[in-house]
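Each structure below is given as structure tokens.
Common to both upcoming complexes is chain A, partnered first by chain B, then by chain C.
So, the complex of A and B:
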């Protein structure tokens, strides 16, 4: 990583902490940067992030993956089925295998047979939903603790760590309410607090993906299949083989995300993924088809969800509104500097309205509480989407020997 | 390319066939001792039996009618991606095949049942948890607020910290009534009690019933803030509350909903933490509906299953609830006598 990028990343992190810290101070709400919040946000971010990462693998090789949700569903089912019989690790493995099977299916349909990728992905979603429901009735109905729509409880859980030596003093520091210092302490403590092994694996998979796809020959060839498969083919790259590998691995990752959900819930249930495959797809787009941005997007979704859920008296939502306004100001400033003045001023005004709302009301009705996270998300997505660049041949079927 | 299209259609067809398999499991059993010519059509909400809660309670009533009255049965599920149109189709099929009564389990059937009931005026319909204004429909509604009042009394009595919690599924009037009763009951014991409440999703967000991880986060946060008793009316999401309470350890209690969750096998790991459950006797209502048809006097109009009809109540299968029974039973008597009126909002 070069110095410029390092500085930029540090800058973004610094601004984010400063915004959080200002919001926390003004709303007197330590929850915004507490270890519990951060730890929970990471927990929610894992399945979304894995789905997003799965999307990167597939789409970087030129296959649009609408089927992520279905592959996740297969993962939840595999984890439930193997998990109740042989424990959580077996469940994880079965979830991965089932997900990879979903990916392979998409690869066969879209790569070998050139089926429209959106249709093939939708078929995977339908197939996964129907198949798992059917299998649940078949396999779980007569088992003690199971039912037509759910597996018996999964045996055991995956290990999670709390490194007391690091988290305890930092949590104490967080409680002292010192501007910036306490917030950094809370965030860092959250990283060492109830940290699931799967969170660690997920972070490792992000780093591994970034390295493999952007720093190795294998990655260059895989990405060339998504940027210009005809050129890659002419240079002797077996495009279809790379697409197969990428899409199957994509299914594997989505299956891992599904397995995580089932194991965390200690049970498989129909409909458990609750659209997280699609949210993962959205974070991938938000992240510009890159691991860093996708990971950040997943954490953002996880953070917003956490704030809504751990909120006992709607004060977090008020904080979120201020937070959103501050983020808008920062983006507006950046836009005005890079001479996208009109949009920038628009954001400035919107931020002003939100600040006004924040000042005027000390408590927001629950309806606002419900939609506020999504509005904030939409705004961030809308602003981020202006510089997006998908792989050039994403979604374009490739037939060997056909020119272009 | 033609080959591709073929494969696509095969895939799509397979998907549809499998999706079909998933959404309508049926089981018909032959009657034993007493026999009756009455054929009962039962349409469950979402994925049907096995939820350890609402649908299972409906099934309990149905299976009692099967043994006691000898009726024939057919069960269908709406599936989790059901639409009003697909629900209407399910109900129409049941009515066409001569099932009478046709019982729809869950408020999600309201619109569909209204349309179908108008088309089959000679068939008796019943809907659980909703009101459909048709002359041939029995509306099986429950005074969930009354049952929740009792659990509120128990929660406030059991709480040492003076801080309790409520986890709701979808934020709709039906579930808000649970919260309202719970809050009122708790405040009747301890006017200064702190009550946190959180819903898993807004009206229309069907995922709200299926996100135990989110319910766990919300419950853990309540416990972190000092709550020591939590009541969940959130369908499958309720599991997350049990997990959070169990992790918090002794001294923390969970209160279940709809059926007696202390005795549900799927929740055996958590039973030591389930103080009681608010019972919504869907089984009683379903049985009474079927019996009405068998006796030639179908229930129509609004049938409010409240405390006086034993339509709601609380579970006593965990002996830990003993110390609080006197207070809860007194509240129940007062509600029946009309000296306490329980709010629904």
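So, the complex of A and C:
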């Protein structure tokens, strides 16, 4: 079983590299798999991945967490406020604490008082937005370098590593433009190029969560609160305690994601999260409420965002469209093989249309260039995730002693 | 432990809820190593009593002694520690967990910081082979059937080392051969020295498995009998449960009039594959007539009902009082005066998360007293709900509680009351008394009888052959979507009818 899973993962990775390589060759665009792109994509993926992971914690315990965005906002503010006074590490800590506070707030409202979870989460979002705006005016206006909507610069940054011994030769190899080989070299080099300590911490948190939630007593009980809290209660599991812990830790992770944003920008700004909490939530759903899928989704968002931002002459957009079409073809082929023919053929046609677009135009109007990456992302995610299974009691209020 | 010490002894238990006294002065003594049955009507307080014994609720008064020691339970874990385990009526399983995860939840073995899956698997295999409860520990519960789920529930309890097992209406969800298997398991468990408390209102089953029977009526214990030493029949138990004679579903006198209320011609319903599920059937029901359809479930009964209510595509014609309703919408059919008691009350008849009075409006939302033709009239609907609760003896703290708070039998009474409201001309009823205790059953039969005398036409489907024979004026036997025989309810026996239903024999018309 485990060997089968390893083989499958290797297979997926191989197909992904092949598709990237084909796209790069056809579009003559080395940026697609360069170390810089991969490194930056990882950086963009961190806050989205942390938000998604935060969502997993909360929703696996049965609490829908629409308040992730708000908890991230609290994290950015905490990082800005403590960061300009005592440095980046202190900012990180303050962001975590403020995020956890947001999580605790959601837990109190939804678990103890049984407020509808969507409403409670929305309230956390509104509260966080309003509170941080107010506090920014109060605390930052009169400080040198600060303003009504932003903090003074955060002192220092978090360490990041470049392992020259590995990355330099690989980057050289990437430049040689060899099919597949150069692409693998570029991707691997990206992993050792300007690697932030927070990226490492985030990966560790993903691994830790996967182990804790699926391999330990604590995790089984936490997930039971999201699958059938009445059953858990009847077996003596303190459901509400697990929900509290899960939602608070969820806030902590979201706060960490927010803090990362502020520290990476070396400043806190109002509206800095730009909806990443919601994107993280979507990533979690596409990732089927599991760390592996969520992590992969976050990396994909990060990658596509990176390509969009470092684009020149629409080269990357064209690449993305071809990339999306190829991914669609692979998924369609898998579907037709597993006898879901109608859907598979539909995706096949969609991929054909995208290839047509790729062939027909070398230049796109700026509007298309702006939205194309997002449409590609949506298409790929929507096709890749056909059998989603949320926790059975996700969003269902639980009151001790009551039946269901 | 001496033989005289009771495994469980309850003395003077009282439990009050807002508006209801669930238990009053309950006294119960369960000998170790026996199967002790607790019988009573729906809402008599059996489940509340068991929740108290299992620590899910605290009694207001009274004492609980386990093996001679007086204990008080703050939560189920206290009860589990005392060796008590509960197999719930509605399974308490997480569908997306494996069998193993469901069983060990709450008492997981550990290896270092991780859960010890290998030890759990070995322990479960040992317990399941010892007690003849075969399950695959790594199967996903969502993929398993009812019998397997019940075995998992019992394993859960045994895994925690319980010696006293409470089974809350365990047979309600089982088909007959699964009931046999369960009873074999229970006998094995008893042999192994376990004590079993078995809650039910199915008296025949109770008599076949129990060593001692305690009867609860209106929240209090009214007596105990030992079927091994005392001559006791289902009839006797029913009298103790209800406090009066056991009613029979007999209809007396011929009330059939000339007017044809429902005329069905060449009704055909096709399955998704194009095969007919209901195959070209025709019949008539006259005013004051009850037409019973006998048949093993899945031979097209549900499809006939749905087609008559306009819920299923069908061909053929349906006339209601000379009016062709074949292409009419369900709402129009209901407005003409057709009542409908569906097979599955949770799927088709109730909104579980709506209060009783809103459920009263369902299906009748365009008619008085629920509507004045333009707006809904909740006030009048609430008053009428009170009438139904009164007339049909729905045991509920009030009409504002959610339908999900009622026991299955009381939900059914509410549905029957609703469908009998507004003087329907035709009632289409599937298992009108399924899951209902004998007292309420008699009340519903009475209502049907009176309505029949007043001219109601009824299409009756029931798995309870005594009910079918007792109530019907005419019986038709349905097999693979077609009528294969007629039976005369005055002369046919349930055995003959059962044989005809399987297509094995002919019944005299």
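Criterion: the second predicted complex is superposed on the first by the 402 of 404 C-alpha atoms of A that agree within 3 Å, B and C clash if a C-alpha of one lies under 4 Å from a C-alpha of the other, contacts with A are read in each partner's own complex, and residues count from 1 in each chain.
In this text, a contact is a pair of C-beta atoms (placed from the backbone, for glycine too) under 8 Å apart; a residue touches a chain by one contact, two chains touch by 3 or more.
Quantities reported herein were computed from a predicted structural model and do not represent experimental measurements.
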{"item": "Partners on chain A (chain B, chain C) - clash or fit", "value": "fit"}
{"item": "First (chain B), second (chain C), both or neither touched by A:131", "value": "first"}
{"item": "Partner chain(s) touched by A:40 [first = chain B, second = chain C, both, neither]", "value": "first"}
{"item": "Greater residue coverage of chain A in the superposed arrangement, chain B or chain C", "value": "B"}
{"item": "Contacts of A:65 with chain B and chain C, given as first, second, both or neither", "value": "neither"}
{"item": "Which superposed partner A:305 touches (first chain B, second chain C, both, neither)", "value": "first"}
{"item": "Minimum Cα separation, chain C to chain B, after superposition on A (Å)", "value": "13"}
{"item": "In the complex, chain A residues that touch chain B", "value": "36, 40, 43-44, 105, 109, 113-116, 119-120, 123, 126-127, 129-134, 136-137, 140-141, 144-150, 152-153, 261, 264-267, 269-272, 274-275, 305-306, 309-313, 366-367, 370-371"}
{"item": "Residues of chain B touching chain A in the complex", "value": "1, 3-5, 7-8, 11-12, 14-23, 25, 46-52, 56, 77, 79-81, 171, 196, 198-199, 201-202, 206-207, 210-214, 217-218, 220-222, 224-225, 236, 239-240, 243, 265-266, 268-269"}
{"item": "For the chain A and chain C complex, residues of the former touching the latter", "value": "211, 215-217, 219-221, 223-224, 227-228, 230-237, 389, 391-392, 401, 403-404"}
{"item": "Residues of chain C touching chain A in the complex", "value": "54, 56-57, 75-77, 80, 86, 88, 90, 92-97, 101-102, 104-108, 110, 113-115, 156, 404"}
